[in-house]
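Two complexes, one shared chain (chain A), two partners (chain B, chain C).
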Partner chain A sequence: MIGILDIGMGNLGSVWNATYESGFDPEIVIDPDDLDQIDHLILPGVGHFATAMEKLCEMGMVSPLRSYVESGRPLLGLCVGMQVLATEGTEGARTPGLDIIAGTVDRLPVNPPFRVPHIGWNAVSAVRDHPVLERIKPERDFYFVHSYAFRPVDEANIVARTEYGAPFASIVGRANVLGCQFHPEKSQANGLRILENFCRWDGVC
Partner chain B sequence: MLKKRIIAIQLLLGERLVKTREFGGYRDVGDPVKSAAVYNSQHLDELILLNIDRDRRSADVFADWLKEISKVCFMPLSIGGGITGFDDAAFLIKNGADKVVVNSAAYRDKKLLGEIANRFGSQAVVVGIDVKRDPSDGRIRLYSDCGRSAEPVALADHIRSCVDAGAGEIFVQSIDNDGVMKGFDIPLIAETQAAAAVPVIGAGGSGTYEMLREAFVATDVSALACGSMFNFTDSQWMRAKAHLTNYGLPFKAV
Partner chain C sequence: MLKKCSQCGLPETYETIEFDGQGVCNICNQKSYRDGAIDWDARYAILADLIEQYRGKHDYDCIVPFSGGKDSTYTLWRLVTDFKIKPLVVQFDHGFMRRGLRENNLRTFKKLGVDVLSFTPNWKLVKRLMLEALVRKGDFCWHCHTGIFSYPMHVALRYEVPLVFWGEPSSEYTAYYDYRDDEIEEVDEERFNRFVNLGITAEDMAGMIDADFEFDRRDLAPFTYPPLRSLKRLGYRSVCLGSFIPWDVRKQVGIIERELGWKGDQVEGMPWDAYPYEKIECFMQGMRDYIKYMKRGYSRVSQMVALDLRNGRIEKEAADRLVEQFEGRKPPSLEIFLEYLGLTEDEFNSIVMKTVVPPHAPDLASLEVAPRTWDFDQWYREAPEDRGIPCKPGACRTCFDCA
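== the complex of A and B ==
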């Protein structure tokens, strides 16, 4: 069963609709016990890193999420849902993340003419093949809207990069875990294809 | 490379979409859900839906629409019109809005911008600014309340204080050029661009692809929003992109 984790801060409905449109019937997950029946989990998020972590802690989700990942089942983080996979965030105060992919989340540098937030459609350049990017043509544009970006410790965990003044990691991945800084649920046909590929992925790459 | 965006503005009045001229003279232009589906199939970059009903200034009017629109609209959706408090914004975002457009409340309650930004991020906070030029000297004057109330603040000052308070994007609209299809107020967009450290959306006056080109080239603005051009002509995103790409303006690959 496909699960979408509801941490109460953002566009859960859009992610549900886009996953449904891709041909699946996702369940909303609130209770850590419900993770048992989930074989593909999407962690959406809009907003602050610290607020997202606070919500995950309140829900008692932190260690169940880590166990979920250890079980080898696929996890997809979107936007802030991707960022909380990191070791630490720096939005507001320094906040520990889920530490599923080692790295930090830092503010995008403001270098005129590059305005922050980074809002709009930008090209995603894969640095390696990944099953979730199957049938996506190179250099397609996806919708971004963020002020912070994930900086993985190990470059090998960067799946794709995007240029905005300087390159940043727009997709990170390690084993059965993947995170997209952009919003596939808002990126029309190519975005829906990423969601479809994820929902069909066996977690091996 | 970040691409330029072309956005459609949908104005909701009661159960129907309308198009205005200088913020009045409503003409019916269709059904909100069906038009959202059409725009989605034409690869439009983004949609802005504004409630312009002057008698029903409440976020609740969007509830049923949002549910249906977000089933057919897989592109970013901004919602505005009558947002006066944090609960309005939270309600809209929960129901499918990616960003909220705060206009009148941004003059009176800067704290509201910060409250929304702290919870949902500044990228979710768009400040809408409606502008009329003084007929005597052509100077820029800001208006709230659907263009009815003059606000005694300079454009650059208002923009800076909104961005400081948490706004992540500025949506500037020329009331004089609204629905007239004679081109954008390029100096207005340029002045907004210069004052804002965040991305800017310019609106008011779109009529042809050439007018989009003029405004993009003259101001380097992030996005232009169109109403009449999409409502009353055969213009659509793919053709706009095809035209503008000839002039080196970058748009998304689909």
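== the complex of A and C ==
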């Protein structure tokens, strides 16, 4: 079953609709115990790193999420849902993340004339093949809205980069975990394809 | 004077056309890419895999939407003979099928031994749709564009047959899908909305005609693209055979003539000797072409010689002569069309003039009338009491009957 984690601050509806229209029957997950029935988990997010982590802690989700990942089942983080996969965030104050992919989340550098937040469509350049990117052509545009970006410790965990004054990691991945800085649920045909590919992915790269 | 492609002669009013520095159009450049850069052996292998992936798993191996024109006939023949596929043939009857076409179809179905479903939508609604699309877009064929592409998808769902094979890819004649992208053209809702439906969904259409026309919303179901979710759950693929084998109309016509006894026909406004194989399936084709000439300053004659010029099968001078001699003649079917919609010719002209594509500026004063085809007298005529489109009680579109 496809699960969509509700931490009370994501654009749940868009993600649910996108996966539902692709033919799946996604379930909203609130209770850590419900993770047992989930074979693909999506962690959507809109908002602040520290608030997202606070919600995950309140829900008692931190350790169950780590166990979920250890079980080898696929996890997809979107936007702040991708950022909280990091070791640490710096938005507001230094805040520990889920530490599923080692790295930090830092503010996008100021590179005039590129304004922060980075809002709109931008090209995503894959640096390696990934099953979730199957049938997505190089340099396709996806929809971004963010001020912070993931900086993985190990460059090998960067799946795709995007240029916005300077390059940043727009997709990160390690084993059965993937994170997209952009919003596939808002990115038309190619975004839907990413979500569909994810829902069919066995978690093996 | 319209700017024209230096190679194929298509004018600047042609849909999606662009010209390069040498004045060659993008349709010609797509064709060069198709012939030079696409790996057709690899494409053929993809086709073979696709067919094997679906073979024997459902009541039919695939659905073949079928008009009986040269492209769908070739598609069906090729799939049945080359791939030994068991298809369900689905016919959407737009209301204007000709005797020659029906005879071709019967012969093809019998020779190939296939199951066939045919569907005809509500004629009263079709007339109202024709009027609305004519007024809004200068293209009365909305019911056919949409029905042809949506109805077979409904059949795919009902019969649970996920693979659908169309014939000619649109990259052959427009650039909505460009061969240079080197992608398989998916015949899906995105394509449907991109150009097939003229930017008008069935839901839009319901709202457009509702004020003056009495109909049941369910009547529009055949023109509505089925929900993506249903198609995804079916695991559908909807593709063109021409995305896997390079399309060659003249060669393919020769094959279906030889193998199936397929026959061409006279088409209003066309040179009957040079082009007896194109658009034989509809007796409103002459009208469609005439409107195109009024709007865009060219007709199917230009399109056909463009295809031959691109393939090096006609000299430019001979092509120009055909265009000069045959293009821009008024079709005899105009009279029948006006009866259907209850319009006078002046009303019709004033509607179409609002949809003219600049810089073309039509001159309708001195148009010749094209000769009648052999079957003109067999074409459906509306009885005097049925002509036009009645408004629902108490309502009146600012229509030409009542204004």
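Operating definition for what follows: the second predicted complex is superposed on the first by the 205 of 205 C-alpha atoms of A that agree within 3 Å, B and C clash if a C-alpha of one lies under 4 Å from a C-alpha of the other, contacts with A are read in each partner's own complex, and residues count from 1 in each chain.
Rule of thumb we're sticking to: a residue touches a chain if its C-beta (ideal position, glycine included) is under 8 Å from a C-beta of that chain, and two chains touch if they have at least 3 such contacts.
Given the structure is predicted, the values throughout are model-derived calculations rather than measurements.
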| item | value |
| --- | --- |
| Clash or fit (per the criteria above) of chain B with chain C on chain A | fit |
| First (chain B), second (chain C), both or neither touched by A:E163 | first |
| Which superposed partner A:V110 touches (first chain B, second chain C, both, neither) | first |
| Touched partner set for A:K137, first chain B, second chain C, both or neither | both |
| Partner chain(s) touched by A:G60 [first = chain B, second = chain C, both, neither] | neither |
| Partner chain in contact with A:G72 - chain B first, chain C second, else both or neither | neither |
| Contact breadth on chain A, by residue count: chain C or chain B | B |
| Geometry of the superposed three-chain model: angle at chain A (Cα centres of chain B and chain C, steps of 10 degrees) | 60 |
| Touching partner for A:E21 - first (chain B), second (chain C), both, neither | both |
| Which superposed partner A:A189 touches (first chain B, second chain C, both, neither) | both |
| Overlay on shared chain A, then closest C-alpha pair between chain B and chain C (Å) | 6 |
| Contact residues common to both interfaces of chain A (with chain B and with chain C) | 21, 137, 189 |
| Touching residues on chain A, where the partner in the complex is chain C | 20-23, 137, 189, 196 |
| List of chain C residues in touch with chain A within their complex | 181, 183, 190, 227-229, 231-233 |
| Residue ranges of chain B touching chain A (in the complex, touch as defined) | 1-5, 40, 43, 45, 67, 70-71, 74-76, 93-99, 118-124, 168-169, 196-199, 220, 222-223, 251-254 |
| Chain B-touching residues of chain A, taken from the complex the two chains share | 9-14, 17-18, 21, 46-48, 51, 80, 110, 113-123, 137, 139-141, 143-147, 163-164, 183, 185-192 |
